[in-house]
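Shown next, in structure tokens, is the structure this report addresses.
Letters are used for the chains, namely A, B, C, D, E and F, taken in the order the chains are written, and counting of residues starts over at 1 for each.
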Amino acid sequence: MANADDTPLGPHTLGVVKRNIVRADPGAVDKLSRFGSATIHEAMGRVGLMKPYMRPIYVGARLCGTAVTVLLQPGDNWMMHVAAEQLQPGDVAVAACTADSTDGFFGDLLATSFQARGARGLIIDGGVRDVKDLTAMGFAVFSRAVSAKGTVKATLGSVNVPVICAGALVNPGDVVIADDDGVVVVPAALAQQVADKAEAREANEADKRAKLASGVLGLDMYKMREGLEKAGLRYID
Amino acid sequence: MANADDTPLGPHTLGVVKRNIVRADPGAVDKLSRFGSATIHEAMGRVGLMKPYMRPIYVGARLCGTAVTVLLQPGDNWMMHVAAEQLQPGDVAVAACTADSTDGFFGDLLATSFQARGARGLIIDGGVRDVKDLTAMGFAVFSRAVSAKGTVKATLGSVNVPVICAGALVNPGDVVIADDDGVVVVPAALAQQVADKAEAREANEADKRAKLASGVLGLDMYKMREGLEKAGLRYID
Amino acid sequence: MANADDTPLGPHTLGVVKRNIVRADPGAVDKLSRFGSATIHEAMGRVGLMKPYMRPIYVGARLCGTAVTVLLQPGDNWMMHVAAEQLQPGDVAVAACTADSTDGFFGDLLATSFQARGARGLIIDGGVRDVKDLTAMGFAVFSRAVSAKGTVKATLGSVNVPVICAGALVNPGDVVIADDDGVVVVPAALAQQVADKAEAREANEADKRAKLASGVLGLDMYKMREGLEKAGLRYID
Amino acid sequence: MANADDTPLGPHTLGVVKRNIVRADPGAVDKLSRFGSATIHEAMGRVGLMKPYMRPIYVGARLCGTAVTVLLQPGDNWMMHVAAEQLQPGDVAVAACTADSTDGFFGDLLATSFQARGARGLIIDGGVRDVKDLTAMGFAVFSRAVSAKGTVKATLGSVNVPVICAGALVNPGDVVIADDDGVVVVPAALAQQVADKAEAREANEADKRAKLASGVLGLDMYKMREGLEKAGLRYID
Amino acid sequence: MANADDTPLGPHTLGVVKRNIVRADPGAVDKLSRFGSATIHEAMGRVGLMKPYMRPIYVGARLCGTAVTVLLQPGDNWMMHVAAEQLQPGDVAVAACTADSTDGFFGDLLATSFQARGARGLIIDGGVRDVKDLTAMGFAVFSRAVSAKGTVKATLGSVNVPVICAGALVNPGDVVIADDDGVVVVPAALAQQVADKAEAREANEADKRAKLASGVLGLDMYKMREGLEKAGLRYID
Amino acid sequence: MANADDTPLGPHTLGVVKRNIVRADPGAVDKLSRFGSATIHEAMGRVGLMKPYMRPIYVGARLCGTAVTVLLQPGDNWMMHVAAEQLQPGDVAVAACTADSTDGFFGDLLATSFQARGARGLIIDGGVRDVKDLTAMGFAVFSRAVSAKGTVKATLGSVNVPVICAGALVNPGDVVIADDDGVVVVPAALAQQVADKAEAREANEADKRAKLASGVLGLDMYKMREGLEKAGLRYID
């Protein structure tokens, strides 16, 4: 489908690179980077989470940055090179594929290029390779798979169109936060608001943690006993 | 199905918390804790093993304790809070779900509470989150998945009814042993007997290991050559 | 199907052990051992890679050696003991199964025996157990699964027949290279040629890496801009 | 684990055939046979359902009968022949496996034998073959897979021990109901009670169906509006 | 996240029912209904297709209509009843879930209600039950699974917010076309344009089919020989 | 890897079309066509079977013919058009892919062309579309998936090189037999021998079937009782 320059690009439109994208406010991104994916997912109202098959390629990988989206064709990483040029410091490449694929679309050479551009990492609903090198470089990658399988450079995808990556909609410029627990996407326009809610939530949790550590039960702290009784829970001996 | 107080609870009966359960003998549990899951699985006669998709959330996690069972509804962790009150020192929570789910039913707050009760860990046929915190706490967890996805508290399951968790039947009070190789369940009544068999087996293995390390072949040590020949094995050049 | 001694054995022929196999040239194997699986896969012309579900059982496992192939029946590891006798220093056991299985066909006792024979590791399209011990022994294993489930010794498979392991054809004597990125098979007759190509490729990559690190884009280094334009890539603002 | 004759057999005990089992009351089985698996699952209080990967091998297959349980080893159907002798008219063979397997454990010859014994069908957490013949014979089969792969006869399993089949506990003599929607297990002792509840439920549904067909909304018929409002549902334009 | 009435609803916002949605033009929907999902997917520029695990529950099921979207919580079908009220003649319910689930969220009672409202079918990234009844009613359903497992009515989802269903973004009012080949989504604003392209494409195919049937090769009809030669294809004997 | 014209082509060599292949003897193919895949798999000594995820796209599909192999790249069906030219009457196209893919590589236009060439069907470790048309044409297809997703024509694979398709090695000219039970491959050189064994096996089965139908048990017919007793089977009441 052709898109006039003033029409919003639809998800997965092919053959397009959008150069000017609106990135989330840097202050909000910084603030979001202080929280884990689970906290931000809760602060979002439990939306925006990618599927749990997305895993870090090494223990302790973590990232928070603004999305430059990439739409790949299966077995083809041509668009990764196109995306490199669009990356700015603080960005994270978020790569979706038009079909499920575990091929190794990304390795140490592309990581070197992305890192030189200031990118903070890669989220990819596909495979990557050169895990040992990426780990040594400290380049954070969250992927569906690891695979040595190489890819061709023959078919157009897109850069900076909306993509559905591992079940989540990602618009270019959105904030992406990833850690051991998963990958969550915060729309650029909500970044500050979600960061504030995450902060409030975390403050709240410290107090709860102390109570639970002292032996107070969640049943009492959250006042659940009445609700459970109304729902019909039966205690027997 | 209604259960009179003197009827045994069936697997996955909903809406019930059983307070008094018969835990395996502490001495037998201690003895079992000295062996790995593979050794105990063999000592059990190769029964009682959960499916291999159950994996530790960090390298080196290991636990052995008595089961407090939890039956969860998908996307709902209400019963985890109910279970906390039933936990005693030396227990392990074993959580099944009425449907396959990878949601994050458990995180650092519940772990704090479980640890304060003296629990040794969690086996869950579902997902958990706050992996970094759980690792730092040394709280052993074996799960089907890791996921930042939160859950609600709206629907009754049960605590301390028999559950089928990752393909294995677990009765409250049974011994659960988990390590890098998997999760195995020993019925409370068989705990001492299985511990003794595991001990005998392990003593036996040290000798075998020394022989094999010296170059003796299993073919000779286990006297397999005749059996293979009878079965028709053909050597060619 | 019966095989006369001069007929080539077909893939997965049952009930046969071939004693004399032609192993790849040791010098070529040594040279191949200097490269990663991704580099060798590329040098092979992108063939010979096993499916990406084959993973190392511990971080950093790595091996390169000549294949002694094993064909297992599901739930039965009898042939592992038969294979032990055929192993020579520098070999790697490559085990396929006649049906998908995750059982624990291999543990520390067999590893002790294999290591005593000089084997460098195991590639198995099935499960293994005793992960902690295997890690401590530094015995490299790449598998489909980890499982404490034991196996019987009752049904014939084969040793040193061609096998299809995780989607790749492996002939006895072929070189197998495995690391964090996957497992790749190099036919014995091509070992030297592939090692040379891998060397050339790697030399070439150092230069590319330096350029990309300095900020040169792949788009320019690989001269992709014209091709992308011809393919119709559209840049918008 | 050895079982004295007066000890209850544990799930998946190996090497045992129990000859005398207590089958559910024939009248209750007959009554249950009038209802679908979904209705019975509801009447059971939503327990006893096998995992949804269990599917009929032909459209319209349906069965209801008393379980003769079979515990198979992967790739081995020896126990199927042992089970045949234990089958009585009205029985259904329910086969579990000690490990996930898709092999073809059952085909037209065994079906001929089972049918000659009066069996009504087979539930198997594994594979079957000869689908065309089984369809022509009208022998109902619900399985995890279809596969031409043959099996050996070498390793003991059991007949008429409790088994966990596709996630559900099945005791010999229990009632098994299977149709297009799935497979559900009713403990023998509850058969009459569940049949009565299913009848009540179905009577109740006819009235609901008529109301809904006339245009009445479930929101009104089930009086959900107040609950939804309390839960905070927000209508916008 | 709160949404003011003039803010666009984000994907998967919880707790909201949007009453007024802009449905695709009925004429365009009618025209689209003449084409198969594969043709429309091509006319869309190869975007908008759901994952291939979405299958019809009976052979020959087919539908084309305007989407009323439903966001479900796992194991909970409360929102299905809320959705019924929003359905108009010609609509198709498109149900996503906040987590992967195979539960039976939908059966013959809801189908009776939906059909009474004029709905043409259901697309659900989850499970359904009462397959036999739904088939008899001719109510078209495309789902991820079939399962007898019942669901509760306890937790809010949403109706008519954007949803990601089986990997595709669906906005309320979009056109959904489903048949034996899969499920494709056409944004409401593009419906006429895509219908026209589909028509052109189909006209074009009749001619190609005739040529191929007469023995003309695609190599010649599509003039591929030169491209293949340039790409380096080598013919050997 | 370059292949001189007199070197055997390795599995999955890219960029090559072999024109002259040695097809199995037509008489042997005809004879094999009289038997089902399960019988032939047994006659082969239980080798040569594809994985059970390969399923017919319509009930009752069946084929037997000589293989023209196709090696596809993921998301790319260029080689299907190249393969069409190599098809002769009685052939079956057998398509493997260099990576797991469910894309729709094949539809009614290609089927029209293949049928015009005399091909009997398609075996594809990937997806197909236009199921309704293919069914109407009676063109037998066995595939891993059905998907409306289209493919590009941009990257070379091969035709008539050895391929590994769904876990089985297929050489061009081999006989492929597929039906409801699965897909089995018979090497060209063994076709007559396997056909003869299949015939003997089937003759043998008629007699067994009659005995079993009359109530004779497999335990007695196959004389299993002694073996079971030796293995330690215990009967209890």
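The rule we apply is simple: a residue touches a chain if its C-beta (ideal position, glycine included) is under 8 Å from a C-beta of that chain, and two chains touch if they have at least 3 such contacts.
Remember, predicted model here, so these are calculated numbers, not experimental data.
S.K.: So which chains are sitting against chain B and chain C at once?
M.R.: Touches both chain B and chain C: A, D.
S.K.: Hey, what chains does chain A share as contacts with chain C?
M.R.: B, F
S.K.: Would you kindly state whether over half or under half of the residue numbers at the chain A/chain B interface are used by both copies, giving same or different?
M.R.: Under half of the interface numbering overlaps between copies: different.
S.K.: Where among A-E, B-D or D-E does the B-C interface show up again, with more than half of the contact pairs the same?
M.R.: Of the listed options, the interface copy of B-C is D-E.
S.K.: Go ahead and note the Å separation of the Cα centroids belonging to chain C and chain F.
M.R.: Chain centroid spacing, chain C to chain F, equals 26 Å.
S.K.: Could you tell me the distance, in whole angstrom, between the mean C-alpha positions of chain C and chain D?
M.R.: Roughly 42 Å, centre to centre.
S.K.: So, what's the distance in Å between the C-alpha centres of chain F and chain E?
M.R.: Measuring from centre to centre gives 32 Å for this pair.
S.K.: Scan chain D for residues touching two or more other chains and write them down.
M.R.: 46, 59, 98, 100, 102, 149, 155
S.K.: Go through the chains and record each pair that touches.
M.R.: After working through each pair, the chains in contact turn out to be A-B, A-C, A-E, A-F, B-C, B-D, B-E, C-D, C-F, D-E, D-F, E-F.
S.K.: Quick check: in the complex, which residue numbers of chain E touch chain D?
M.R.: 3, 5, 15-20, 58-59, 78, 80-82, 84-85, 102, 104, 107-110, 112-113, 115-117, 127, 129-132, 145-150, 153, 155-156
S.K.: In their shared complex, at which residues does chain A touch chain E?
M.R.: On the chain A side, the touching residues are 1, 10-14, 44-48, 51, 98, 100, 162, 164, 167-169, 187, 190, 193-194.
S.K.: Hey, which residues of chain B end up touching chain E in the complex?
M.R.: Per the stated touch rule, the residues are 73-76, 98-103, 149, 152, 154-155.
S.K.: Would you mind writing out the residues of chain E in touch with chain F in their complex?
M.R.: My answer: residues 36-38, 41-42, 46, 49, 52, 55, 59, 179-182, 184, 205, 208-209, 212-215, 217-219, 222, 224, 227-228, 231-237.
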